[in-house]
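First the structure, in the form of structure tokens, and then the observations on it.
Lettered A, B and C in written order, each chain numbered from 1.
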Amino acid sequence: MAQQPLEGSQAIAQAVALCRPQVVAAYPITPQTHIVENLAKLIADGKLACELVSVESEFSAASVVLGAAAAGSRAYTATSSQGLLLMTEVLFNIAGLRVPLVLTCANRTVGAPVSLGNDHQDSMAVRDAGWVQLYCADNQEAIDTTIHAFRIAERCELPVMVCVDGFTLTHTLEPLEVPAQQQVDNFVGPYAFARTLKPTDPITLGTVLSHEFYPEVRHAHHRALLDAQEEIVAADREWHALTGRSTGGLLSIEGPPDAQTAILTIGSILGTLADAQAEYRDQAPAKLIKLRAFRPFPVDALKQACEGLRELVVVERAVSLGSGGIIAAEVRAALSEMSSPPRVHSYAIGLGGRDVPMNAYPKLVAAAQSESPPRFAIFDLQPAKLPAEDR
Amino acid sequence: MTLEQPTKSCSELRRAQPVFRGLEAGHRACQGCGQALAARLVTEAIGPDVLIANATGCLEVFTTAWPQSAWRVPWLHSVFANTAAVASGMEAALKAQKRNTKVVAFGGDGGTFDIGLQALSGMLERNHNVLYVCFDNEAYMNTGVQRSSSTPHAAETTTSPPGRERAGKRHLKKDLVTIIAAHRIPYAATATVAYPSDLRKKVRRGLQVEGAAFIVVHSPCPLGWGHENALGIEVARLAVQTGLYPMIELERGELVGAMPIREVHPVTDYLRLQDRFKHLFADDPRAREELEHLQELANHNIEVYGLRAQKPDRFDSEGADTVRRGGMRTA
Amino acid sequence: MATLTRGAFAKPGTSLQFKTGDWRLQRPVYLHRNAPCHVACPAGEDPQAYLARLAEGNSQAAWETLVAANPLPAITGRVCHHPCESSCNRGDYDEPLAIHGIERTLGDEAILHGWNYPVRPLSSDALRVAVVGAGPAGLSAAYHLTRLGYRVSLFEAESEAGGLLASAIPAYRLPRSVLGDEIARLLSVGMTFMPRTRLGRDFTLDDLRADHRAIFIGVGNQRGRQWSVDGVVPRDSRPGLDILKEWLSIGSLPAYKSVAIVGGGNTAVDLARVLKFSGIPEVHIISYRAVPGPGVAAEDVMRATAREVRQAIEEGVIIHEHRGVRRLIIRGERVAGVEMVHTKKLTRSAGRRETVEFEGTETILHVEQVIPAVGQEVDPAGLEMLLAGHPFLHPDSWGRLEGFEGIFAGGDVREGAATVSDAIGDGRRAALAIDSYLRNSALPASQRPVVRLNDLNVNYFEPQPRTKIELLPVGERNAEREIEQALPLSHAGIESHRCFSCGECMSCDNCWTLCPDNAVLKTLEETAAGDHYVFDYDYCKGCALCAHECPSGYILMEPEP
């Protein structure tokens, strides 16, 4: 299949269009805007038959797609940052109703202070909303994951959030493969939601549930997310068979198999770190563990990936303020089940869009060897910029 | 004296009622609930071919205690503020699927005048083919009677209690219909449970127009307003007959109809039946002033909407609820 | 136990599993209560019931409902003083219904179309009952007894049935043709009519007892009461009723230039009008009671029908109310006038009401003749044993005479009976009592409670003026032409829709429409209560909204058992 140069947002829009959503609702926020603009153009040009609902807030965007999905239409929305947080209440609600939806989060930090810069503070903040969260390392993955997302959502009756780094991916032009319509049609299939609202079977969605059943409903939802791991892996496997491309399923590992140090990260800095891994192959040999599925959190796959490791550096792009690394905390908990787990080093990096240079890689590998690693640190912190009392 | 039942059992009769009832018995509304009545009347006028989006509130809670539901129409509750947006999405989906099923949104005054107003405004601006029905019981009843922007001036609620420094709610009832009208949607109206025929007529009109329609239905709350369970209709009727709750219809923002008041009652006829205005009948100059204030608000409505009937007709405040032998009131 | 559904969705209408009827502290019941018009009707009619049939557009059913109580609506629809209208709840709202006019219209329709009375043929072993007197009481008793399955022999002293209807009511109030038609139809329902057969002359009560299982006495009060002023009786003075009867039978009337009639009943007023129509310039009525009008206490009003009094005044009859005759002024042998005095009925010691004359208020009225119309009494011939020296019989409210098993009485033979409708009611109740006596069964149970205006919810009604009943202009009136004009059937129909349906379901759907809990169900079948609604007590929460909003006071709240 021929590659064509596409901006990330344009590519995502095309991938969405290939999945034939009938309703798209969105509210403009940087850096999500190009995705929706591109969809609007596809609709305007008659290339996509779809109702575009230009709502008055992200809160309504999420609500519109919820209503549309419940009424029997495949639906899609995209947002970023503050917009995602404005959706929060509805995100929980969508998931609790077990309504299949796909949302692209063009990741951006969350104010204050205001910044357009990319990090994962937004999507990490809604990690407990009950959604599947898949993170993309590059724009080809963004295309493929978007297509997977519809299939996973509809098969698992769970909403799926596809996290794509703002600017780094959304605004970057690169040669990409866009699958054929027929391929996508076969892969995704027509939209079918078992609890579609219709006068011929007038069910009630969104009931009041007492404590007599509340733990059970939470269990069922949790269980559904855990079970979604199989669907995520299966989608990737099947997609690989169709296109020859893999997005890595729950997670993937690159680098020397015998390395005892690994860097685990998520999102687009994987591109930088992968390049650096090649560059510093001899100087700082380490594995790269690319985490794609953060929800469900792939405990078993992770344990397997960490087998034989002595040092694991978790590099992430968000902070649980007052606690530390978010992914790292979960990784630590997961690996504690191992008989000889690696040491886990927790760093945040590139917050608010700060560039992550190639030379971060050897520094991270080196930090992994330190005698007493900090429980958590911002790796690229420049303390001199802080007033003395805040250092 | 208990009467003999006819040969058919109640459950058989229930299945054989002459109109479709979208809201079934067994819901848990309080005795004499005006909102339950309003919702029943509205869903009856709509019929079965509808999708309903319902905001958080009493109506949502008392109809859907899992595993039971009182609804016989497809129905979705999402959250408090997003009802108009959920309905917008339903409508967009049906449009995309080329289905003609109607979409109706239900909200209370809290979900409409306050927290859901932005989503509602968006829905109206985009002119979705949705009928939004607000059941206005003039406070947050579901959470225990807190004031909303729809609570009338001087009314007592748990967050606008009268006391040495205050005579109930300090602010005026939000003039929502004017806000709605400013969207210049095809149809907007006020209605009340006290005039069911008028209500049904307005619901049908709201469904008939292409585009967004809005109806606010005055729905008495015996608990929150402090009136006897049996007096809901009486109270609602007086709200109209005093001029405090004008019955109006607007098309494209222009006033096209108002229910004339044949016999204008003093506002005290309405206020006296409700404990939420009890403090206004104290021997106190401020109470007297607030009573006068409410009377002037009614007078203002009567003047602005031209509510005083010129001559009796069958659609005025006395004629609109006239019953006929043999039933099935007009409209 | 329920199994969780995905996303906790619920199936439609499953709330029916939740029986909110448990919450109820009081329950609504549909309860037919009495309309005040029904309670007020001396004949026992239920106007609310026949107005409902008429409003439904079925005038024959309306008439059948009417004649289930009163077989003579074309007559009472003309001569009754219609207490139904005085008690009509609508009277306190705008104007009472024109029940009287509608009754007449229905009666006339029945005559016009030859509708049959709802009477079944008698069985061959029907028991025999005698009715003595074919006036309103006797006719009513005979009719109801026939309806109840008895073989009735109806004895009448005169050559025609009708009693005082025929002998004392002028044609301008009751055209002869109407009277004749109505009575002829009634006599043909299956009774044996025996005219010119007078009790005490042609047969005795003992004769009747021999071949009848029960006897009803309805002979009326045919004899004018003795009248004098301090023992003075004017020369040529005759009781007013006799003059009226003579005029009705042979058409002759005395000629005076001026005359005073003493008394305030229908006889006085009828006679006054007849005399006025005959051309007597000055006709006075002297009554110690008041002319009917607003604010006049019921017990102080002249006995005559109010509208007749009104019409008499229109026609020029002069009424001296609250006046008594103190002295006759005789010049030679002729009357030259009367001395009148102001009177009032006052409550005296021991609660007795007495007519008091006020000294110093005497006035003189110059008239050529004074005619007493002060009431009649029973002709005792053949009734000596029953009267035992009293001027009237004193049966109980069911017509039973204490000490005379199997003998019943009613109408003017009873002390206190005053009107045609009273007599018809007496006849009906006595027929029921005879039936109960002969079958040894219980009398009909006591009355239902009465619905008053504040039991109704008049918000659901519209003010609507009462349909006007036309009168002949005064200048065109005479003793023969009927003065009150008929209410056309179409107008009667419109008028019937004004009825509040007090105490009875009018199928307006209000309870069904306004129940917040969907606990009122409609049924095509009629329920035992006779309506088309059922409370579903599984769900009714007892809010009482339906009862409060029932327009006609048909729903009552009762404590939950």
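What we mean here is this: a contact is a pair of C-beta atoms (placed from the backbone, for glycine too) under 8 Å apart; a residue touches a chain by one contact, two chains touch by 3 or more.
Just so we're clear, the structure is a prediction, and the values are computed from it rather than from any experiment.
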| item | value |
| --- | --- |
| Contact-richer chain pair (by C-beta pairs counted) among B-C and A-C | B-C |
| Innermost chain by mean C-alpha position | B |
| Reference subunit A; chain at largest CA-centroid distance | C |
| Rounded Å distance between subunit A and subunit B, as computed from the means of their C-alpha atoms | 44 |
| Whole-Å gap between the CA centroids of subunit B and subunit C | 50 |
| Distance between chain centroids, defined by C-alpha means - subunit A, subunit C (Å) | 91 |
| Residue numbers of subunit B (touch at least two other chains) | 63-67, 69, 71-73 |
| Multi-chain contact sites of subunit C, meaning residues that touch two or more partners | 2, 8, 10-12 |
| Subunit A, residues touching no fewer than two other chains | 97, 202-205, 207, 209, 213 |
| Touching residues on subunit A, where the partner in the complex is subunit C | 96-99, 157, 194-195, 202-205, 207, 209, 213, 216-217, 220 |
| Contact set on subunit B toward subunit C in their complex | 1-8, 10-11, 13-14, 17-18, 21, 23-29, 31-34, 36-37, 40-41, 63-73, 193, 196, 222, 228-234, 237, 312, 314, 318-319, 321-329 |
| In the complex, subunit B residues that touch subunit A | 48-51, 53-54, 60-61, 63-67, 69, 71-79, 81-82, 84-97, 101, 103, 118-119, 121-122, 125-126 |
| Residues of subunit A that touch subunit B when the two form their complex | 22-23, 25, 49-51, 53-57, 59-73, 75, 89-90, 93, 97, 197-199, 201-210, 213 |
| Contact set on subunit C toward subunit B in their complex | 2, 5, 8, 10-20, 23, 29-31, 52, 55-56, 459-463, 497, 501, 506-510, 512-519, 521-523, 525-529, 534, 536, 538-539, 541-545, 547-549, 551, 558, 561 |
